[in-house]
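Both complexes shown next keep subunit A, but they swap its partner, so subunit B is in the first and subunit C is in the second.
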Partner chain A sequence: MSWIREGELNLIEKLSANILKAGPMPKHVAFIMDGNRRYARKRQVERQEGHTQGFDKLAETLRWCLNLSIHEVTVYAFSIENFKRSKDEVDGLMELAKQKFIRLLEEQENLEKHGVCIRVLGDLTLLPLDLQQHIARAVVATRTYNKCFLNVCFAYTSRHEIANAVREMAWGVEQGLIKSSDVSEALLGQCLYSSNSPNPDLLIRTSGEVRLSDFLLWQTSHSCLVFQSVLWPEYSFWNLCDAILQYQFNHRPLQKARDQHREGQALQQYEADLACVADLLQHHGNGKPLDAQRRQEALLNYTASREERVQNFLGALQHKRDSFLTDLTSQAALA
Partner chain B sequence: MAVVYEFVWQVLHVLLHIHRTLITWFRTRLRNWNGQLWSRALTALLVPIALSFPNPKNLVPAPGKRVGRRYRCGTDGKSLEKLPDHIALLIAEEEPRYTDIANLVVWCMAVGISYVSVYDNYGVFRRNNSRLMDEILKQQQELLDLEGSKQLSVEFLNNGTVKQDQQVLSCQSVLKVLSPDDGKLRIVQAAQQLCRAVEQREKTSKDINVTVLDSLLRESKSTPDPDLVLKFGPVESTLGFLPWHIRLTEFISLPSHVDVSYEDLFSALQRYASCEQRLGK
Partner chain C sequence: MTKNQNSHLMYKINTDNLPNHLAIIMDGNGRWAKQKGFLRTLGHESGSKSVKKIIKECSDLGIGFLTLYAFSTENWNRPKLEVDTLMRVLINSLKKELPTLLENNIKMNAIGNLEKLPKNAQKELQDVINKTKDNTKMTLTLALSYGSREEIVNVVKIISDKVKNNIISIDTIDDSIINEHLYTHNLPDVDLLIRTSGEHRISNFLLWQIAYAELYFTDVLWPDFKQQDLHEAIISYQKRERRFGKTSEQIK
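== the complex of A and B ==
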C-alpha cells in the first residue's frame, strides 16, 4: 500500500523495538517533516523530487510506528503559510497530494485490512475544489476504521485551528446550544480539528530547526519535544528509536506536569460552576440563604445540565463537520 | 522473553542516566578550571559518546570565568547578527535559584534585549514576584559595568500594572513574570469574552478570526511574541508556556539555570543569531 510501506523489521530492529517496548511507549506521535528541499539541494535533484521522497519516507515511518505499536500519527504536511511559496511549488504540492489521495482510494481493501482511519486537519476551503473532494472521499471512506489513525495537517496552522474552535463555540452560543459561561479549556479542546485524537505524547521535528512553526501549539503544551538534525527524507528507524528513548526519559516528569495541569483545570471548572450557581441563586432565589445541602444539590444539577448542553453542542458540531464532507463527496460523485 | 527485554531496558536506562549525570558533573568540574586545553580535550572525548544526549552542542563547557569579570554586554550584543526582541527564560527545574535567574535577566537586558520574560511551570515566580524583583535590582548593581554612567532602568510588568523605576531612563527593558495561567487560561478567557459579545449580539461568530483573537491576547500592542525561549532543565517540553505566542519561537535548551554563566547565555544567543526563519516560504 502506497501510504504505508509493506514489510517487517529486521532482526536487530525487532530486538531494539522489543527492548524499547519494555518501557512506556508513546501512543500518539506527531511529526514536522522538515528538510525536503534541503535534501533535494544536497542530492542535486528537483525540489519536487525532494517532496516525493519525503512522502515515501512518511510511508516508511508509518510502517515503523505500527511495528512499534504506535497507533496514532499526526503529520504537518502543508501549512497555510506555505501558500506564500512560488506558484510552481504550491501547484506541485497540490498535485502530489491529489495523486496520493486518489491512490489511497484505489487501495481501499488494504486500508480496511489494516484498519487505517485517515483524517485531514485544516481549513479545507483554502484548497482547490478537486483536492477537497478527493480528501473528503478518503476521510469518509475510512471513517469507521479504528486500528490505527493517520492525521494529516493540510492547509493548517495552530492559530487558525484555535480561532476556528472559538468561532465554533460562538456559533454554539448563537444557536442557543451553549452559554458563554460553558466555555472552558476542555470545551475548546473538543472544538479543535484534532478533537477525536488524544494529545500527542511526542513531537518530532527534523532538519535541525528548533521551532514549532504554528503546529499543534495547544495540543503539545505537555508533550515531549524532540528536535533532530537529520533531514526528513533521510530519517531512519534509529532516529525514531532515539526520539522514543527521549520520550521515555521525560515520561515521569511530563506525566506529573500533565496531572497537575488537569487538577488545576478541574478546580477552575468547579469554581466556575460555583460562581454560576451563586449567580443563578441570587437571581432566582427568594433572598433566603440556602443550606449547604441545597447548595450542593444546586451545584450538581447545574453541572449536569451544563454537561448535557455541551454534549448536545458537540453532537451538532460533529454533524456540521460530517455534512461538509458528505456534501463534498456527493459533489464529486455528480461531477 | 518479555522479562529479558525488560531487564535490558532497565540496564539501558540506568546506563543513560549515569551517562547524563557524568556529563553534567564534568561540565561543572570543567567550568571551574581555567585550563581551556583540558576542557577542549575532555569534550572531544565525551562528545562522540554522547549519541543519545539531546543537545550535544550544549555539552561544551564554558571556559571557567566567573564573578569578577567585567562584562562587555553592550558590545557583545552589537556583535551579534540578530538579537531577539523578546527572550523568555523557561525554568523547567524543581528548585528555582533567584540569584541565577536575576543574573540572567540582568545580562539579557544589558546585552540589549528589550523584553525579558520569566516562566516556571508551578507559578512560583508569579507568587514570589517581589523577591525576584529585589534580587534583580541587587544583581543589577553588582554585575553591570557602568559604561559611561549609562544605567539600565527596568520596567516591571506584572498583571497589567506597570511599576516605574525612579531612575531616568536612557535604556529601557521590560520584564514580564509569567505562569501557566497566562497560557491556555488566557485563551479561554478571551474566548469567553468573545462568546459573551456574541450572546449580547454585539458580534457574530463570523467576526471571530485569528486577528481578533490575537489582539485580545496581546498584552499591549508593542509587546512582540517571544523570539527565543531558553529552557533550563532536563524536561523537553514547553510545559504550558504561552501556547498562542510561540508559533515561531526558537527553542534552545540549557542543562540548568543553577550556576549558569554569562558565556552560556551568550553562546545560546550566538546560536539564535544563526537561525534562519523562512516563515513558510
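== the complex of A and C ==
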C-alpha cells in the first residue's frame, strides 16, 4: 500500500474542515499510533496484519492532515524499547519497514508531486544495515521537497535523543567549537534529531493509554496533549477533527504559556551574555570601568561572536549527519 | 464531602500498587480566586491549604515520593505582588508545617534554581531540609524556581565541563549519566503525574522524569483538590496496564 493516498475529502468532511480552519489550526501534529496489536486481536487477524493496517492508516491520516493544511506530522513508529518484544514481532516490523521504504523510493515521483519530505528520527545504527540503507536513500531522495514534512520516529526514544544531543554538545565543547556557556535551550533543541522542525502544537495518542512513553518529551513541553481511546488502525477523520477541536479549545492559554516561555528564554540569554561580558571585562580590562556605550558595544560583539560560534558548530553537526546518510547510500549503491 | 464518602473510595485503593513517585502540577489557584471574586493572592493562600491536606494524605497512604510543582521559572515574570505573596506563603508554610513533617516522618527536599529564591526563603527551606533529613517515610520534594529544560541544559553544561576536564569521556554519556546529574538524581522516575485545572499540557515540568509516567488530568482547581480527588487519580492509575514498550503478554 502506498505512502500517499490520493483523494479529496467528501462534502461533509470538507464542510467540517472549513469550519475547523476558521479557528486556529495546529501546524505540526505528532501521533503516538498505539493499538495495532489490540486491533489485530479484536479482529482476530495476525498481529503483523495489525501493523500493516496501522501503516495504511498512517498514509490516510497524512492525507487528511494535508487536506486540513497541516503540513508537518511526526509519528512514533518504533521505540528502542520495542526491541524487547519477541524476535518474531521485531523481525516482522523490520521487514514491514524495509518494504515500505523500498516502496517509498518507487513512489518518488508522486512524493515529488506532493512535495513530501520524509525524515527518519532515531538511532539508525540500531537497525539492520539493509534497512538503514533503504532509509538513507529515502531521506536523501526527498530531502529537497518542502510542501509538507513527515517525520518518522524509528529506533527512537526521547531520552536517547536527548543523550545524543548532550554528546554532540559535549563534543562541540571538547573540540573548542562552542563554549559551555553557549549551551542553551535553543542550542539543545537544534541538536535533537527534530532540529529541522518546530515543536508540535498538538500530540495525539490513540488506544486509550494516557502517557508519553518516552516520545518527544522535550519538544512537547507546551503542546496540547489529546488522548483518544480509538485504536490506531480504526482512526477516523472525525477523531482527528475532535483532537483539533480540543487544540482550539486550549489554544489561548497554550499560546500564552509558549509566548511567556519564549520571552523568558530571550531574557535569560541576554542576561547570560551580559554576565559573560562582565566576566571578560573583569579579566581582560585595564581596571577602568567602561562607559555605557562601550559596554553595549562589548555586549553586541560578544553576542555576535557567540552566534557565529554556534552556527559553525551546527554546520559541523549537520555535515556529520549528512555524511552518515551519504555513506549509507553509497554503500547501498555498491551492494 | 462526608467522611463516609472518603472511606468508600479508600477501600477501592490497592495499597500494593500505589505510585511510588507521585508528581503534581498544582494549577488553578488564580482561576479559583477569579471565580470567587477574590484576589489571586487569596487563591495561593487557599492553594497552600490543599498542599497541606494532600501531603498528609499521601504520607498516610504510604506513597514513597511526592513532588509538587510549587514555583516555575516562568512564575518569576508574574507581577511583583503575586511573586512576593507566593514567597511569603512558601516561607510561612515551611515554618508552620515543620512539626507536621517531623510527626509524620517526612523528609523535605527541593529541586530547581534555588539560588534565585530570596535569601530568607532559602534559609527557611534549608532549615527544614536539615531538620528532616533523617526522616524515612516519605520524601516531599518542592520544585521551586524550577524549569525542566533549564534543568537539562544545566546538566549539559556540567557534563561538557567534565568531558573537557577529562573526568568523563563522551562515549560514556548515556541516559544514566544524564540522570545522575539531574536535580532529581536521588529520586526514582515519576509513576503518576496529576495536573489540576483542566489544562492538558506538561508545561516544562520533569520532562525527562515523566517518560513512562501515567498522566492524569482533572478539571478540579487546585484549591478544591481534596483527598477524594487524589483517591480517584490513584484508582485510575491502578486500572492502567504499564508496559514500558513491551507487549501485554510479555509483562504477565
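The rule we apply is simple: the second predicted complex is superposed on the first by the 334 of 335 C-alpha atoms of A that agree within 3 Å, B and C clash if a C-alpha of one lies under 4 Å from a C-alpha of the other, contacts with A are read in each partner's own complex, and residues count from 1 in each chain.
By definition in this document, contacts are C-beta pairs under 8 Å (C-beta built on N, C-alpha and C of every residue); 3 or more make two chains touch, one makes a residue touch a chain.
The structure displayed is predicted, hence computed values, not measured ones.
On the superposed subunit A, the two partners subunit B and subunit C do not both fit; they clash. Contacts of A:G23 after superposition on the shared chain: subunit B is touched, whereas subunit C is not.
In the superposition on chain A, contact of A:T142 is made with neither subunit B nor subunit C.
Look at A:S194: by the touch rule set out above, it reaches neither subunit B nor subunit C. Of the two partner chains, subunit B and subunit C are each touched by A:A163. Touch criterion met: A:E263 reaches subunit C, while subunit B stays clear of it.
Of the two partner chains placed by superposition, A:T206 touches none, neither subunit B nor subunit C. In the superposed pair of complexes, A:L245 makes contact with subunit B only, with no contact to subunit C. Overlap of the subunit B and subunit C interfaces on subunit A comprises residues 79-82, 84-85, 157-160, 162-163, 165-167, 169-171, 173-174, 180-181, 183-185, 188, 209-214, 217-218, 220-227, 246, 250, 253-254, 257, 260-261, 264. Contact residues on subunit C toward subunit A in their complex (touch as defined above): 73-74, 76-77, 148-150, 152-153, 155-157, 159-161, 163-164, 170, 173-175, 177-178, 199-204, 207-208, 210-217, 240, 242, 244-247, 250. If you check the complex, the residues on subunit A that touch subunit C are 37, 79-82, 84-86, 89, 157-160, 162-163, 165-167, 169-174, 180-181, 183-185, 188, 209-214, 217-218, 220-227, 246, 250, 253-254, 257, 260-261, 263-264.
Across the interface of their complex, subunit B is touched by residues 18-23, 79-85, 157-160, 162-163, 165-171, 173-174, 179-181, 183-185, 188, 209-214, 217-218, 220-227, 242, 245-246, 248-250, 253-254, 257, 260-261, 264, 268 of subunit A. Across the complex, subunit A is touched by residues 1-2, 5-6, 8-10, 12-13, 16, 51-52, 54, 121-122, 180, 183-185, 187-188, 190-192, 194-196, 198-199, 203-206, 208-210, 212-214, 234-241, 243-244, 246-252, 275, 277, 279-281 of subunit B.
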